[in-house]
Structures are given as structure tokens and as C-alpha cells.
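You will see chain A twice below: alongside chain B first, and alongside chain C after that.
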Partner chain A sequence: MRRHWGLYLFPIPALALYLAFFVLPAAQGLQYAITDWDGFSPSYNQVGAGNFARIVTNDDQFANALRNNLTFLLAVVSGQTVLALGLAVLLAARTRGSTVLRALFFLPTVLSSISVAFVWRFVYDPNLGLLHSLGVPGRFLGDEDTAILWVAVAQIWFHAGQMMVLFIAGLHQIPAELHEAAHVDGAGRWQRFRFVTWPMLAPATALVVAYTTIQSFKAFDLILGLAGNPPRSSLDILSTRIYTTFTNSQLGYAAAESVVFMLAIGVVTWLQNRAARIGAGR
Partner chain B sequence: MSQPVFSRRSLLRAAGLAGGAAALAACAGPGGEAAPVTSGGFDGPVEGELSFAHWRAEDKDVFDQVIASFVQKNPKVTVRQDISASADYQSTALTKIRGGGVGDAFTAFRGAQFTNIASAGVWSDLTGQSLIGAYEPALITAGAQGGRQLGLPYQLVFNMPVTNQDLLARHGYAELPRTWDGFLGVLDGLKAKGVTPIAWPGGDSGNGGQLINSMVLNNAPADDAFAQVEAGTLKVTDDWFLTTLRQYEQLKPYFQGGATGTANEAAMQLFATGKAAFLATGSYAAGPVRKLGARFPLGLYAPITVANPRYEGVFNATFILGVNANSSRKAAALAWLRHLSDPAVAAVYANGTSQHVTVAGVEYTNPDLRAFAPWLTRRTLLAPRFQFNDLDVRTAVEEAAVKVVGGTKPEEAAEAAQRVVDQKR
Partner chain C sequence: MTRRALLAVYALLIVVPLMVVLFGSLKTTPDLFASPFGPPTAPTLGNYRVILGDAGLLRVFGNSALVVIVSVPATLALASLVGYAVARLPRWPSRILFGVFAAGLAVPAQAMMIPQYVQFDRLGLRDSLLGLMLINVVVTLPVAVFILSGFMRTLPRELFEAAALDGAGPWAAYRRVAVPLSLPSLAATAIFLLVMHWNDLLYPLLFIDDPAKRTLPLALLDFSGEYLTDYPLLFTGVVIASVPMVLLYAFLQRWFVAGITAGAVKG
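Right after this comes the complex of A and B.
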């Protein structure tokens, strides 16, 4: 073994890159989080935990962004999962036209988020928009109470096709014998879905939920494209809030917000894992 | 069997130590003291490769023309445009400028960015330089600090509603009233005739926010009222701002439907197609509106909200030109600014970009610029919304107006905004 010590040199380039592009920036982010640096001036002050204290106790805008983000997350995760599952169940079988329909539902995924934002700006415009011309009343993005849900609709449209593909892959993993056995035992279509398909889709569902959660936290460019910069408070989520703080010459505070943002993602992911384990009876 | 030299645990420990070292190294960060503003250093040859840093990609071709004429006069100089997106210009580009890598001559936004650059000592002091005499003195105050002229605000816009002169004249409103009630009467008359009185992009924070300039223009107790709001000496729950919000409430029936969700493009479309009499953004909309097919003559009008107005309208002088104190080509950078300050050159820029400039004696050939030109000498106030240095405070205050149009009570909207102002101080 000693003769092969040179093998340990091989990870060094990767380790160096990891240190340079992950550890160092992360460490810098943590370090700036306890300063009042504006991102430009040559000097700054250490403020200790001051930024974090302010975020937690005295920042309505951050609290509002967190609330919006959780609402957005719940709407997107539930809506997108149900829609993608429904589409997958309908289109999993190779029937006439199913390939074309799959491609159509998948198509939005390949668009850039800014293009999607511009399309939905047109859809939602209360005077010249598609919904308006179809006779749907409302202010849509201009309605403080529901604006974030309208963005969620756009986000679901954008990514549901991608999740559909994951579910279709999961459906194809289910052995046909299980369905046949259930059928022979007299299970109806709904019972076969409830007791065979759905439990067998647990890994795909966990993947879809996790992926959708991450996407919901990263909806940044779609929101900026729809709402402009900085977005109004009814459309502000954590990622846009951090960006606004950053462009507001408060890099230290933005770094602290990023740390809290990371913790929020960690908590949501942990809760999801717990829920998935409980669901799986572990 | 011999033991390996490195165990997995020792490797992980080494990685951890390296991470810790990186963290410590990172603690170096920025340091040192802010440099004082530098004067002089402009002597020297006008030569070398000059970097001109700015964010107006749409002006690149016009600047190329201006650069060509500059290089013709100064053959030993080349000028490179270092253009960043405006959002990037707020962050990464500025850091590069501070380092002197780019931006021998550079530009800055009015407000927080100008102040930050000043506190970092990156502006060279231009006080006493002859080129300052080429500008309208009242229009370059945004580039001064502490009695020194650090930058030269170059481009000039009027952040007040644009009018469709044909449509107004057709309905008998060739002359617009100088009172608030008279203005509401005009809006009422227009609405009765099936015209959308005001197209307002309330769903677009950048453009929708411009109307507040005109609305507080004469209501505010001081010219720097918004600066005082940020400083805490005035509040948005005070009467003057509540009055402003109540006036927004009065305007509500005269905006297009769903105004708080309307994007800028849609508002411009309403105006450009002759369906709306006013476009509540600013003179900078003239070019885009023409591109959308508008053929009617344009005017400008700020609602007069008080009995004895101090001001008739609003202007803003952003795009502040300066010379980088860290540049090794300051003489060439100053020569470039001097070239831009020549009325003939400024005219090329102005007419080519459809923007007024602060340089005196410029001949405007663009019809819209000619139509707006009388406002260059009228009683106008430097746009109040840009007095805010904190973007969050500005957004909260502007959002109070949007909320009122959306149905929130003025008092409630003002209190929510004031709470943000208090938290950000």
C-alpha cells in the first residue's frame, strides 16, 4: 500500500478547486455576514451578530419575503406535484399522440426563465393581457393578496413538464405483474393507483418534491422578470430580497440574509425528509 | 500489511484545516481607510488606452461616433467602452473601478452610488476645471458634494407625465390647469369622453415610481423632504405625505383598469395608440413611444397639487461623469470629459439618444427634445425620489402610493411605509 502513496496526489486538483470555489467564497460570505460592509468602500466595521439579530427581530421586509416564499413553496410543490403526477399517469402509456403531448408539456422547460416571465407578463396584463381578453377579471400581479400565487401558476407551468418526465420514469419502473395481480384480486382502477402505483412512486415523489422545493427557492429570475427590480413586497421572496439588499449597497447584511436563507432551506429539507421517512414507516 | 500514509480521517482533517485556513484568509477582506478625494493630477500627455465605464449599452453606437471625433482630435488616445448592465454596475463593476482596472473615466448613478464613490475617494475633484463652465449650473448640483464638483451629471430627463398634445387639444385641453381641482376636472372630462386619462405602469417599480416625484413636488415641506424622511426628521405619516396619498386616491378612477398590475410596456402601448392622454413616467419614454408608432406631438405636465406651487416640474440628472482618482491616465480622462462637454459633441449625444443633456447651448434637432426643451429653463426640482439613499426605504415609500391605488387606506399605507423607514435607519 505504501508503494501507492502517490495515488493520494490525484484528488489534490479537485480539492484545490473545491477550496477555491466553494470553501473560500463560503468562508468569505460568513465573514462578511458579521460586518456592515457596503460592498464598495475600502473599510468596514465588525457588527458581530447584529445583522442576524436585526433580521430576526426587526426586519419586516425579510419576514414578509420569508412568508411569501413559504406560500410560494407550498403552492408550487402541491400544484406542480399533483399536475405532474396527473400528466404522467395520463401520458405514461405509449398511445397515439402521447409522445406529442409529452413533448408539448415538456416544451416550457427548455425556455429561459426570462422568456417565460415575458410571456406571463403578457398573460397577466390587466388591460392587454390574454386573461383579460378571455374575460377573466382581476389585477393578477397587482393584487397584493394573491400576486405570489399568480407567480406560482407561472412557475408550475414552467416546470410541470420536467416533473412529469420524472414521474413517467418512476411509473415505468413499476413491474406490470403488480398491477396484474391487483387486477386479478379485483382491485379497481382507483384502488390499483392508491395501493400499487402511488406507494411505488414514493422515490419519484420524494425526488420531485425535493427538486421543486429547490426550484421554488430559486425562482429569482422569474420573479424579477415578472415584477421588475426591486419587486414589490407582495412578490418579494428570499432570493429577491437578498439581491435587493446586495444592490442596496449592504453586502454585509445581504451575506447575513444569505446565511439565514441557507438555514431556511436546511429546515425545509429536513422537514421534508422527516415527512418522507414517516410516510415510508421508518 | 503496512498502514497507509494517509487515512481517510487524516485527509478529512486536512481538508477541514485547509477550509479553516481559507476562512482565515478570507477574513483579510477589504481593509484600510477611505482615501480622501484627490485634486489635480491632470497634467500629463493625452495618450494611451482609456477605459470609459458606463451602463448605457443602448448608447454604445452614439458613443462610438463621439469617440471617433475625440480620437481624431487626440490621435495618441484610444477609448474603450467598458459597459456593464445597470444592475451589475451597482455591484461588481464599481469594485473594478475602485481598483483602477477599468474606468479611467466612469459614470455613476445619482444618490447612494455617487455618495459611496465619494466616500471611497474614487472621484477626482473637478472643482475649478474650465469644463464645468460648459454646463447649466443648476443642473449639475447632483454631482457636487461639500462644495466640490466631483462629477458632472450629463444626461437630463424630466421625470413627470408625458402628454398626448393632439388628444388633449381635441378635447379642449390645449392649456392644462394650474390647480389640483382643475386637473381633476380635466381627467373627469377625458374619462367622460371615453379616453383613459392616465396610463400608469403601477406594476413596474422603476417606472411606476416616477409619478411620486410630481405628486410630492409641491406638497413636501422642504426640497429635500425625502432625504429628511430617510434621516428621520420628517415622517411619511406627516400631513404632507398623507395629503399626497389622498391625492393618489383621488387619481385612482382616472388610471387604466388594473393599474397596480400594469407593466410598463402595456402602459406605453395604451399611450402610444392614443387611448390615454397622459403617460405617468417621464420624458425618457419618448423614444420607446415613437417606436411603438406614436405620431402625435408630445408634451410634459406635472400635476399641480397645491394653491401656490413653488415648482412646475421635475428633472433628474443621472449618468454622472467623473475621472477616476486611481487612474494613471487622468489627463486623457479629463480630455475625454472635456470633449463630451463641447456643445457640438453633446448635441450629437443628445440627438442620437433622444435625451437632453446638462451642457448649455446645445442645439436639439430631435422633435421631441425640441418640444421638451422649454422645460430646461422652467422652475423644476431635482427628482425627489432619488433623494433616498436606501433602496428599501424608497421602495416602501413608493409602495405606499401603489397600495393606496390598490385600495389600502392612506393612513394604513403610510404607517406600513414608516415602519420600514424606522427599521432601516
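Right after this comes the complex of A and C.
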């Protein structure tokens, strides 16, 4: 085929914006992370690795946010994956009813996280709330030890339908012959799920787990909407912690926290990839 | 039977909170205290009047609409040009181009927001709707490029070769071959972007100081500070912010699912 040099012009507008407002700030973020800049003073000092040293060794609030974030991550990933898979299995067959229910279960995904937060704030309200009226004991978001888990429930309600759709797509890719063969071999329902469906769903599961992880690191809006701004320490996660540090005029330190945040996401994602590979026997 | 029972329970878990919100928006605060969950005994539009009037939500609604009307098509246009180049460039330039954008998928907004704040402030683009449009475009470019190049790469190369034989340059082939054929994926991406841009809170929260330039999610967050537990008003805000998306979803369900799911396939 003739070479069309003109093709190289097509990505230029997008590349220009991307380099200027995405790549450049990313690089600048690394620069700020080694300063004590407050964000508005004309001058600031280079502190080298000082910010990082403080984050790692001597920052209880950051450690607390990291712990909350990991608890939240584990709760959302396990709860949402199991729920979404269950719903997908129940709704995989295309009947009239299943189409309607799929649409309904997906619906929360199109709402804004702040709207979802308000819905759940009412559910958890200790005086008026839905759970309180149903006689469920507990202070929910007011309970220091479990507050973050109640947010996890809201997050699962928000996105389980989206993950269900990914699982349904995965289920539809499993050749029907496999089930038939297992059936002929005398495998029961559970055995067919365990030895046919579940292994064949490995790619979909890896995708759901990876995406749920990213989503739970980004749960910022939901927390602010449920907990207020700044959130109390029992609800603080990494994204809200960075924001709070930043709004407290510690821009350099917040930038350093962002770098650690990125690393944390990187490590968790890498561990997941490894786990998925080991799970797939590679 | 158990299958039905399980599905019914989950359906209730979705429907009940949403009904409570809708009903609550039609109640006065004393009514809500008297009966928090049932349908309103004396439905009133008073909350809507308060919010759209005093609280200026109509203006806020307009801001949100303006932002998405500009930023969604702009993102689509830019990303589809990249997707087209990815599909047609020789192997290595194509891989590099794709890789540059795909790398951006791994970077969450919270990791970038601080330097972006400084940058937009210096350029005088902070506290402006134009700045919001621009940042929306920039942060969603990677995922839009990802979805659209994925699709454009599946278009048969012969189509472009045929267009070239007919004397069409790259631009004509983009307009007459690539865009029309990729309409389904453009539509799905548009919806994905629409949901993202319409619902975004982070950047308005960072960038906007002037109350007159707030978007819906930001106004809702501010409400929750002002009215704290005035649930009827909060619920009304939720209804107003959600109705456009829910209505669109009702009509364009297939595209919503396709778009948001394609957005999820980014890892």
C-alpha cells in the first residue's frame, strides 16, 4: 500500500493535549513530591526524600488511610465478585424477565457517586434510616470499626450490575458443548459449575477483579458524599487523604502521597496479575 | 423457585432505595419524619421549587449540560482521529501511539490532580467551565482512544486500500469509511463519556470556586453541607441530577451497557 504520511497528522491534536495536560503534570508531580511547597508561596525548599520518609515511617493518618483502603478493597472485590457472578449465573439465559432484571441491576451504574452516597446516607441514618427502621442494630457509618465496610456495601450496590454484565458476556463465550459433554458424563449442576463454568470464566473474573480494584481506589466521591468533607478517620482512604492534605496547603507532601498511592495501585495490580497467572496454571 | 426468590430480593434492594428517594423528594420534612419510606400522602413539588429557584440548580444544571455538550464530542473527535491512525499506521508507529495513550489508563486522577491544579491555575483556566471541559477531555482521552482503536483495528484494511485506489486521501477515508463504519462504537463511547463527564465530582471540586460555575455533582455535595440532613431537599437534588441519565438509559439501554462495559475493559 502507498504510504500516507498524512496519517501522522491525525493523532497530533490529541497528542498535544495529552502531553501538555497529562504527561507534563505527571512529571511535575514527581518534582513537587520532593519539596515542601504549600501551593501558593512563591518559594519553597527541596526536601529530597524527606516527604517519602515521613509517609513511610511517621504518618499515622496515611497508614490509617492505607489500612482502610485495603480493607475496603478486599471487601468490595470479594463481595462484588461473588454477587456479580451469582447474578450473572441466574440471569445468563435470555428470557423476558431476565432482560428486565439485568437492566434494573445495571441501573445504579449510571447514577453519580454523589447521588448514590445520599441514597445510602439515608439508608444508614441512625434515626430515620431504612436499616434502623428494619430493626438492624448498629451505628453503621458512626461505628469506628466497621464504617468502611458499610461504605463497601454501598460501593457494591453501585457497581455490581456492571460487573454482572461482564460475567454474562463471559458466560456466553463458553461453548454449550462443554456443558452437554459434562452432563452426559453425569456431572451434576454444581459439578458443571465447578469444573466447566468457573475455569472458563477465568478471563472474565480477572477483568472484574482488576476493574473493581481500580474503582475501589477511586471511591473518593462516594466517601465525601457519605462522610462529609474531610471524612473522619474511620472512613479516610488514600484518595481522600491526598485531597485533605492538599487542601490543607501541603501541596508538596500531597504530591508525595500521590506517588505512594500510584505505587500502591501498581503493587496490588501486579499481585493480582500474578495470582491470576498462578490460578490459570501458567 | 429459589432462583426467583434470590432475584426478587436483589431487585428489591435496588428498587426500594430509589423509590424512597423519589417519594422523599415529594414530601415535606415533617412528612418524611412521620413516614420515611411510604409514598407521599400529600405530594408536593415544594422541594423542586426551592432547589430550582433559591438554590439556583437550574443554572447548575445548565453548566453541567454545557460542559458535556462540548467535552463529549471533543473527546470523541480527538480520540477517533487517534484510533484511525492506530488502525492504519504501520506496525511500530501504531504500537507506540497506542502505547502512549494506553499508559495513561493506569494513572488515576487522584495521582495527577495536584500538578494539574497548579497548571490550570497558572494558565488562568481554573474556576472556568472551559477549564472543566478541557480537563474532562484530557483525562478521558486514554480510555476513549483505547475503546475506539480497539474497534477501528477490526475494520478490514481492504476497505481503506479500496478507498485509496479510488483516490481518497487519509482524511476522505476517515470521513467516508472509518467514521460511518465505527458509528456503533462511537455511540457506545459517547455514552460512556457522557456518564463520566456528567457525574464527575473531583475536578469541579478542585477547580471551581465561583458558585455560579458549579456543576450538578458539586452543587449536590455543597447541599449536603448546607442542608445536612434535610433529606427531602437532598433527594430532590438527586432526582434532578439523575433524571437525564436514567431517561437516556431507559431509551438507549443497549448502548449504555455496551459503552460502560467497553470502558471497563481497560484494566
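Throughout what follows, the second predicted complex is superposed on the first by the 263 of 282 C-alpha atoms of A that agree within 3 Å, B and C clash if a C-alpha of one lies under 4 Å from a C-alpha of the other, contacts with A are read in each partner's own complex, and residues count from 1 in each chain.
The rule is short, and it goes like this: contacts are C-beta pairs under 8 Å (C-beta built on N, C-alpha and C of every residue); 3 or more make two chains touch, one makes a residue touch a chain.
A quick note: this is a predicted structure, and the numbers were derived from the prediction, not measured.
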item	value
Touching partner for A:246 - first (chain B), second (chain C), both, neither	both
Partner chain(s) touched by A:41 [first = chain B, second = chain C, both, neither]	first
First (chain B), second (chain C), both or neither touched by A:103	second
In the superposition, chain B vs chain C on chain A residues touched	C
Touching partner for A:262 - first (chain B), second (chain C), both, neither	second
Touched partner set for A:24, first chain B, second chain C, both or neither	both
Partner chain in contact with A:169 - chain B first, chain C second, else both or neither	second
Which superposed partner A:125 touches (first chain B, second chain C, both, neither)	both
Which superposed partner A:15 touches (first chain B, second chain C, both, neither)	both
Which superposed partner A:114 touches (first chain B, second chain C, both, neither)	second
Overlap of chain C and chain B interfaces on chain A (superposed complexes)	1-2, 8, 11, 15, 24, 28, 32, 39, 121, 125, 128-129, 228-229, 246
Residues of chain A defined as touching chain B within the complex	1-2, 5, 8, 11, 15, 19, 23-24, 27-28, 30-32, 35, 37-44, 54, 58-61, 121, 124-129, 132, 138-144, 147, 227-233, 244-249
Sites on chain B touched by chain A in the complex	1-6, 11, 15, 18-19, 22-23, 25-27, 29-35, 87, 90-91, 94-95, 98, 112-113, 116-117, 119-120, 202-206, 256-263, 265-266, 269-270, 390-392, 395-396, 399, 402-403, 406, 408, 419-420, 423
Contacting residues of chain C [partner chain A, same complex]	3, 6-7, 10-11, 13-18, 20-21, 24, 32-33, 36-37, 78-79, 81-82, 84-86, 88-89, 93, 97, 100-101, 104, 106-119, 134-135, 137-139, 141-142, 145, 157, 161, 164, 169-171, 174, 195, 198-199, 201-202, 205, 216-217, 220-221, 224-225, 229, 231, 234-235, 237-238, 241-242, 245-246, 248-249, 253, 256-257, 260-261, 264-267
Footprint of chain C on chain A - complex, ascending	1-2, 4, 6-8, 10-11, 13-15, 17-18, 21-22, 24-26, 28-29, 32, 39, 86-87, 90-91, 101, 103-115, 118-123, 125, 128-130, 133, 157, 161-163, 165-166, 169, 207, 210-211, 214, 217-218, 220-221, 224-225, 228-229, 238-239, 242-243, 246, 251, 254-255, 258-259, 261-262, 265-266, 269
